[in-house]
Amino acid sequence: MLLTLADYEVAANDALDSAIASFLADGPGSSRAVHRNRDAFQRILINPRRFVDVGRVSTTTTVLGREVSCPVLIAPTGLQQLAHPDGELATARAAARVGTVAPAAALATYPVERIVEESRGAPVWFQLYDYGRKQVDALLARAEAAHCSAICVTVDVPRRARMREHDRRNGFRPTSRVPLAHFDGSAPPEVRPVLLPTLERICATTSLPVVVKGVLRTEDAHLAVGAGAAGIIVSNHGGRESGSAPAAIDALPEIVDAVGGRAEVFLDGGVRTGDDVVKALALGARAVLIGRPSWWGLAVAGEDGVADVLSILREELVETLAHAGCADVADLDRGFVRTEGPQ
Amino acid sequence: MLLTLADYEVAANDALDSAIASFLADGPGSSRAVHRNRDAFQRILINPRRFVDVGRVSTTTTVLGREVSCPVLIAPTGLQQLAHPDGELATARAAARVGTVAPAAALATYPVERIVEESRGAPVWFQLYDYGRKQVDALLARAEAAHCSAICVTVDVPRRARMREHDRRNGFRPTSRVPLAHFDGSAPPEVRPVLLPTLERICATTSLPVVVKGVLRTEDAHLAVGAGAAGIIVSNHGGRESGSAPAAIDALPEIVDAVGGRAEVFLDGGVRTGDDVVKALALGARAVLIGRPSWWGLAVAGEDGVADVLSILREELVETLAHAGCADVADLDRGFVRTEGPQ
Amino acid sequence: MLLTLADYEVAANDALDSAIASFLADGPGSSRAVHRNRDAFQRILINPRRFVDVGRVSTTTTVLGREVSCPVLIAPTGLQQLAHPDGELATARAAARVGTVAPAAALATYPVERIVEESRGAPVWFQLYDYGRKQVDALLARAEAAHCSAICVTVDVPRRARMREHDRRNGFRPTSRVPLAHFDGSAPPEVRPVLLPTLERICATTSLPVVVKGVLRTEDAHLAVGAGAAGIIVSNHGGRESGSAPAAIDALPEIVDAVGGRAEVFLDGGVRTGDDVVKALALGARAVLIGRPSWWGLAVAGEDGVADVLSILREELVETLAHAGCADVADLDRGFVRTEGPQ
Amino acid sequence: MLLTLADYEVAANDALDSAIASFLADGPGSSRAVHRNRDAFQRILINPRRFVDVGRVSTTTTVLGREVSCPVLIAPTGLQQLAHPDGELATARAAARVGTVAPAAALATYPVERIVEESRGAPVWFQLYDYGRKQVDALLARAEAAHCSAICVTVDVPRRARMREHDRRNGFRPTSRVPLAHFDGSAPPEVRPVLLPTLERICATTSLPVVVKGVLRTEDAHLAVGAGAAGIIVSNHGGRESGSAPAAIDALPEIVDAVGGRAEVFLDGGVRTGDDVVKALALGARAVLIGRPSWWGLAVAGEDGVADVLSILREELVETLAHAGCADVADLDRGFVRTEGPQ
């Protein structure tokens, strides 16, 4: 029975080739940061209010000025044909059905134009790394022309990583298996560290709001906002870049405080249940992003699978809000969370 | 050998149909809040006094002005014919034998009048949700006419929950298996969030003392007392409503402090031993409630089983008090508890 | 190979009848306080000094004015024929060989006179409960006449406990198996709580120094010293009386501070290695007592086994002191201990 | 596949005789301090910076004025023929290939002159214990004549230890298996505690910089610097001397603070990955030392194995620095580390 995202995880691991399943699930350092993202959520408890009229509960909010039905966005990931032949197109259709943000990654296996088309009016965020000024400018222009609604600059992959340990053990080279829609040939261009002038230039160049993904230190949140970012995604890249990275949810509150409302702050990493969404929003996130869970849905049942994953999360979110005594996601604040033990 | 409540748990799980055992035992979020209730008790230690005359130890106290032989009450639960054909009647007889409070829940499978009759003078608390003004008023009047001694308003189930995950996996719909004595048909009426005016009206309507069950935040304790509640039950509903709920015993001290003697404060959730009772009382509870353990007794041996569960707890309580150097439950204070490690 | 006390524990469990092994090893509440005593030691680390001349290391000290070769005493336990036919006599001979304190418990299976005789000049502490004034006075007089060197009053067993859970499961009644040397018949007299006037009277009656065993709260340490005690044994009775008792070593520092040098403070519970001895002494204990380990030695090889257990501990203590950079047990202070993590 | 040091550990345990593997791996007290060294690293997280130009990352630094390609030195250990017939010569060649410090221990199985020869200009640290003035002076003179670059005085083995528990169980006496190059016969001379005048004399006698290995308390760091030490190695001897020793990395920050730049501070114990190196340097270490990992390399493939172990660490270090947003090891500071949980 596919009742929870955990059920989808199991089913996806069954459906996927084991090297792809490992590529998706694992991280360096014995996947410690992958698990840390989850463990940190489980150390946070929900402090429920009583005597609140939760007969109707609203999960609608806006992100970067666009309404979404639910504060759960799909994180930008490329190479989605590894999970399903419909790849990013299926994901976009599912996001559109549920009414939330779909991603179009520079490393997508379908072009951004088709992704936007399949998203049927739902917002699409175009994600890219720094591939050098020429490539970046071309991608920005293409995303704008394709009517994307935001640009997402990922700043936590400063260079082409060595193949990850588990991929080396499996002899798995992900980009050799699927086409890259935005680049010629099968290898993407070299990645460079995103420097501040680069970010400033991107913010100045594009008319779209810019979201910076991969911030874990308050100093960098200040820098990103100063450079013109409209959004900050607190993320450790799903625990895929460093086994020693802090859990995203643990870094969230201090970054929310540092940003002080000057930009929207999002949380990416470890969200698997409606409770997790409430915890992240109570700690100041505008919305959360899900990465692996969208792949699980994709692997299990394509568009329907992704849509079901989103629907499960939204239904759980409604239940959690009702039990928490919160009628609207906008009302969540830090009073709704606490830690284990007497306070 | 049935020496402890843990023995009864094992025996009950043997005796019950597995779907009923799961319905009884499990909670959402991998039963995390169920286990949290227990784990929190085990982090609290008892700091024993010496040189105290514990040749005789008294466990007698009063709750809402009524004497009980032991500060262990039976928590209100309905549907008790799921565990034994005598259901709530067996529970009431057992409570009467031991001299403590028996519950009559709105979702009971025997009517409150028969429950009160079987309780032979022991106090009966009538428990209800907000089923709408008409239903509530009718139930309050009926409980009063039946000579219940208190009304218990459960405030932590703001709406009919989706079927719980484990019940969905088991295809188990508890209300379809047993009769509901206080409602027509097999489905109970829709539940609404208990709002403050509703609570105020209940307190103003009934001549019985009102106990509010399901408080975890100090603000809500203040509100409940302000609305006229005579008692507050600190509870996370046995971990059955949210896997992210704090342990009841962890929320207790701050709520005791917030109430400041304006109402009696009770603890519900995770009590399994005499040590647990001492810890809860030392932290300020007037008495504790047991839910699942009364079902274990019921499932194993009906009335005799419930009475034995209560007797075991009382005997353990006497032992624990003697070892703690406390001759009377009224003498317990926070000096009797400590945490692990040097202080 | 019997290299450590852990080896002796395994060998003793092999040698003993399983009900006796359980009687010896287990405690109430799933033996939580038994394990807590050990776990607490393992959370304490030793902070070693360098540049200290530890070419020779001294373990000699005095307890209640009597020199011992090593600050490890044998805790008073009765019924020792359960472990070996030579029982307390073997234990006394072993203590004498090593040069430390031997116990003579009121519940011993050999009379105090023979125990003192076998101790060949080593100090013998006579231990008793409050069996009523007449019995106590008779026992005190007998201990004095037998040339015991101290009286140990155990204050943490305020009444005849119910048979412990594990003994009930095993159908094991320890006093029915072996003779009691100081009482007529097989059942010892009823135990009463030791009250302060009783302790004062004992201190005033006997010419021997009085040690109070079983203190865990600072208030009680003050009371005991005020009543005339020359020694305080911080102990949770080996975790045998309550599963919720704090670890003895965790209670030690605050009691040492409370006593402030007015009496000697001893630590009983969980000592298994030379490291443990150093930790207890660094935290202010004058010496430690071992209970179960002396039974392990007894069960494995009678007198030789107990002597070997004591020798192993002393050799380990010498090693630990050398590595800690401490040439004499008298030099240990709190600077030698720390906890996990950066300080 | 030998991708990580953990792979080398597994392969070495396969390659080595089990008694030698145990001699290498285990420590007293159930190897608790061995594991503590590792666990402590895993509690430290890396706080990555963004917007930093990590297109090129430098791992070059100096230790005691000598340039090394990477802040990973090989810890001084003797008896290396236990792992491979080429022993210390293979280790020296590997260090030279990578450009880092090689050790020559007093207990080496090849003479210091040959070790220096094989190190082809890379710095060699000569390590010794206090074997008495005559022996020490002879060894110092020999090391100087052999063109060693530093003297390492190990201060945490104050006397010939008893054979360790695991070696006793295995009947393993390490010095009986291999030749000692610097002493006549198979048994090394008796070890004495290094006293402060001895250290002062060594510092005054030799023209080489002196590094003191085995400091865990700030007082001793002050004493060592006062005596003339140019370097302090924070170490618990790989957890081989006491199961109760604090983790080296936990003691590091306070010692760095105490030394205040008057000497270089090194970290030895538990380093297995590039992340670990970054954590130690961020906490103030000038460089780290690896002990067991060099043996793993030696056991698996002699010189090539040790060189590969060093290369893996250096490659991992480059990756970690890039992800941490740090272009040069000299830029690491405490801002790059944090602990679990919200800060």
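Chains here go by letter, A, B, C and D, matching the order in which they are written, and residues are numbered from 1 within each.
We take it that contacts are C-beta pairs under 8 Å (C-beta built on N, C-alpha and C of every residue); 3 or more make two chains touch, one makes a residue touch a chain.
Values in this document were obtained by computation on a predicted structure and should not be read as measured data.
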| item | value |
| --- | --- |
| Given chain A and chain D, the chains that contact each of them | none |
| Contact-graph separation of chain A and chain C, given in steps at minimum | 2 |
| Chain C onto chain D, rotation angle from CA fit, given as a multiple of 5 degrees | 90 |
| Label of the chain whose CA centroid is most distant from the centroid of chain C | A |
| Same vs different contact residues, chain B with chain C, by half of numbers used | different |
| Between chain A and chain B, centroid-to-centroid distance (C-alpha), Å | 42 |
| Separation of mean Cα positions, chain D and chain B [Å, integer] | 60 |
| Set of chain B residues in contact with two or more other chains | none |
| Contacting chain pairs - touch in the sense defined above | A-B, A-D, B-C, C-D |
| Footprint of chain D on chain C - complex, ascending | 1, 3-4, 42, 44-55, 273, 275, 278-279, 315, 319-320, 322-325, 335, 338, 340-343 |
| Chain C partner contacts - residues on chain D that touch it in the complex | 29, 32, 36, 40, 43, 155-156, 158-159, 161-162, 165, 168-169, 192-196, 199, 214-217, 219-220, 223-224, 241-247, 250-251, 253-254 |
